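To start, the structure itself, in structure tokens.
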């Protein structure tokens, strides 16, 4: 009996191994087994905060196109949930894989720092994009726009929509995401400076879960009867909030602004459930990251105001080794159809 | 009247009333009809799945893969809805069929290979979620057609469609459990598994039916899920199974099998819904919600065990005839 | 063979792993007759019932006739359809379902795919009426007392229009009022031409209700008589006339030091006003019928069944024994009645079973179990009790009944107890092993251990114990010294004959 | 170490070594020293959780709250460091918190007799709630440099510290289970708790210590995770709960209790770790990892019950075809 059990076990694991290799080759966004080292092509790995979110996937598409142009081998993998511990594991594996460039969107600035320092020590070019780690842990930070510009910009949008006075609430992905806290800091500063009689009533999290964003918005509207505006600071939260506003048919009474992709918000901008969605051209962010990766590999240091094809002029702050792509982009009813990401 | 008082559902109903009264004292907006309606509307999906989970738990089984089943069915319903020419019937069919297929897989592994339900559903939870994310590669299903999303907020004769669907599900489940041989066999299997097969119940079939039915209801719930949110995230439903199991257990179902009523589970769903809504209305930080839900579940379960223990104590008696005195006459 | 025999059994035998539980037994029951099946514990009564009701398959050569037609009973459902229903002591029905459901479940007439509740309620009410009782069909079974549950089981049998209803020790847990009610019910059944076969020990019950009686002993058919042809002493003689002779062993020396004294121990519903003393080196035998509170008393002394009042005195000082752990510390050992469930851990080794209660004392300096010391000790006791096979690492579940009992015994001897309680020490064990266990008991007593043996096998009690306590319905009805006692006298007292 | 005579561990070892061969074929950078070391680093967090879960499952219980206890511990450590300023006090307080959570589970399960799956289902949300309330949902990351030693530091060249901790704890637990009286009683309770009571074993005390032990293991795991990611967050342990149960069952521990070894669990944990790491190196999408872990668990369970399946198929054929 025992021998038979062992044979069945071996047969089974052969089956799993075949399945494994099958997955290895078939899944679209991953190249052949990491032949990079053999064919001499530079391997560039991009690790988003979470894999499977429309925002990061569109950004990766942008980077992938240009990686082919530059003859890089592009590897895109990340944690299946926005979990700092999982992200560090994946970065660790990529270090052992000896990739040439590592581009990371940090779930948590402090948690990725040690792993990125190890990567730099191993001679890997380390860049961060979208969300920075501690400056000493990376060679370059591709920032779509500075938190200050973004924070003040969103506050201006809120003020413009609710007419300079009244109550508004902030809906975030999850409070622990470090860049959200920085944006909120600048929003408060902008509000204190320019809009004294706007008051922030609460900051509610939606934990990257659309259902929660929907339910939170419904409850916010009820908990704060004279709420006039909502700022939803994540590509998951704003569509959820918009859907809730539509359901409660408070379109027009509650003004919604925030950060979201045009595709995700198109129907809500048209229906008026949302007034504007601010973001940046995510595809360009991917392109810019890849372009800068090539610069670093060729040993060139970026200069302020340099011209990047298809992206345009970008600012470079040498002290913080930070590239700023430019002003944030507002998508509204009128211009949303010209964008597709 | 007093046996009504002893009934578990009545105790839970009183608990629900007490909680609601406390909340409405603090925030008057709680008792407004629109808020109560939104509590119900927000928990329809939980209620539908709680009906299926009640039957699973009555047979002393458990299903932790329903969260992944919800996501799996919701994505496929969404994809089908996007196909031009599809209508409500095709969407309904795909939802229910995909739910049944996943549920049956659990049922076959549990009834056929006799593997404990907790471990099988733990495995299938990862299999369903993993294969779904692999298939969709994480892409969301967006821009669902208007006829589909309108399913959620249109009303027929004043009653929103989701509530009608919930009432239908409750009706069908009630009919099955109270008026069919299969339904009573579910309770018989939970009450006394050893004897069930002796009275001619095919225990394997009953187990498979229960898990397939759970899948079917999850399919129906997934249709409403997509209609409510208009865009479907492949990670939808993650750890939702914990809410479903908590609602059914708070409602009085006994994990060891044999007892569990639909009414009790519905009250459990309402208690969870009221707590979550109340906490936000009372402007308490949302994080207290986990503390409150966790504590409610622990107290409900502990009370259940303690007073069951008292009833058992009274039962274990060998009748000793009083009139036989010591050293009695022979 | 006149035609009025509804059920006949011929040459029915049944062997369980070598032991012949039934040996060429025959039984015949007339239509509408009330037939008593009597015999001591282990005489094969319940096995016969299980064969008749399809739970066990008889060895080949057995013939079962129903209404003079040879049949094969495949499973319990098949037996019910052939008109044979059994009411077990543990009322094996569904506590969480209503009375009507318990009566009708599985009955194809009414238990269809779509249930028609009025039809079901009607069938249930009519069956209950036939039994001559009045129970609300919508009550939950678990809310009924045991007597009413029994009536539901009888009603279920009737709803399957059973021609024979078998009752296993029906009155053992009933109050006298309820027993009268049961007699009434059995009369109703007889009037409806339904035969009743019931197992019982209570003579007044047998003589009050039964028309014929069949006596079994050690799995063999002894005799079948009309009730008026056999008086009580004759019946006892038939039941007990045992040819197996145990070697009766007397105590070499009984110290007068009292190891255990029990004063007026009572627990509501379990036992009442129990007092006795156990001296060092003495073996006390406690006997009585099933349900006379013997095991409940033993568990009370062992700390698993807290008494309401009375005191337990060990070596002169009163003690409270709140848990089995206290009992072990006080040097009390308990070999339980149900070996598989309570006595042994089937899936672990002989050695680990033996040392389970004394692990702390086997520890070396860093609080780990000193395996060599453990194995030595286990080996010593295996040899002393001659457990076969003598491998320490064999799983206990794979040993024979006799050897398993020796392992349980060894488990307690390693704790060198002052008092050892044994509940049905030799049940389900072959004769050879029985005698060996008796020898070991006597040796233990001679080494200064106070032993209490609980058994319903009278020859065993007579052979082993120095003093015999007879219990009936929770109290000690009489105390007999060994050399004055005879099987008949003991059984008479135990049966309240 | 325990003899690997039990057939299940033998098979699992074969499966594990086969998996390593496959992985090294598919990705050259797999069999490098620092990759294998980082595999051991990644597996020690949920491996330590699995040690606690194994002991619980052997007593035929289950614990869904280990992840939340780990998360709560990280918050307790970070906050108590903020008050006391001393790292040692903070860590001890964290482990004490874990033990208290374990005791809370233990009292409900052992003393009152509530089924373990219900208690830990409730305490999972409850402990997570406490962690969120204490930390207001925020991550706390003002921890001193020395705190990172456990999660990121190396000893003897480049052996990660947490791998050593995991190894020591695994050996300790294995000895505790096989050698000490408590360990023997854990198996006895899992096999047949009624017979254990009848042998004088204080079953409720044994169970209470089992859940306290699991609480302490979860706390240590939480300490290591927060040291590795140098922040404290309430949801750090969440993802490991199902993995630790699956790894324990994969390692041969019978879910119904009574059997199972730490050695088996360590193998189960390393199978999952190698699977995750290998797939990353090959570039297989992380979603496939979930799928393969679920598949591996179901397959192992099917093989364990292969005799039942064969019997059923035989009956099925007999009924239908002759």
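Residue numbering begins at 1 within each chain, and the chains themselves are lettered A, B, C and D in the order written.
Just so it is clear, a residue touches a chain if its C-beta (ideal position, glycine included) is under 8 Å from a C-beta of that chain, and two chains touch if they have at least 3 such contacts.
Source: prediction; values computed, not measured.
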Other chains in touch with both subunit B and subunit C: D
Taking each chain's C-alpha mean as its centre, the one farthest from subunit C: A
Which of B-D and C-D has more C-beta contact pairs: B-D
Whole-Å gap separating subunit A and subunit C, where each centre is the average of the chain's CA atoms: 73
Chain centre separation (subunit C, subunit D; CA means) in Å: 45
Interchain centroid distance [CA atoms averaged], subunit B/subunit D, Å: 29
Distance between the centres, which are taken as Cα means, of subunit B and subunit A, whole angstrom: 36
Junction residues of subunit A - those touching two or more other chains: 23, 27, 29, 51-52, 80-81, 205
Touching two or more other chains - residues of subunit D: 136-137, 285, 287-288, 290, 292, 295
Residues of subunit B touching at least two other chains: 133-134, 137-138, 286
Listing of all chain pairs that touch each other, if any do: A-B, A-D, B-C, B-D, C-D
Footprint of subunit D on subunit A - complex, ascending: 1-2, 5-6, 8-10, 12-13, 16-17, 19-21, 23-24, 27, 29-31, 33-34, 37, 51-52, 75, 77-81, 83-86, 88-90, 92-98, 108-111, 113-114, 174-176, 178, 181, 205
In the complex, subunit D residues that touch subunit C: 175, 179-181, 184-185, 187-188, 191-192, 194-202, 258-259
For the subunit D and subunit A complex, residues of the former touching the latter: 7, 10-11, 14-15, 18-19, 22, 26-29, 32, 34-35, 38, 41-42, 45, 136-139, 141, 148, 152, 225, 228-231, 233, 235-236, 238-239, 276-277, 279-288, 290, 292, 295-296, 299, 303, 306-307
Residues on subunit C engaged by subunit B in the complex (per definition of touch): 75-77, 92-97, 101, 105-106, 111-115, 117, 143, 173-176, 268-273, 291, 293, 296, 472-478, 492-493, 496
Residues of subunit D defined as touching subunit B within the complex: 62, 108, 112-115, 117-119, 121-130, 132-133, 136-137, 242, 245-246, 249, 255-256, 285, 287-295, 297-298, 301-302, 305, 308-309, 312
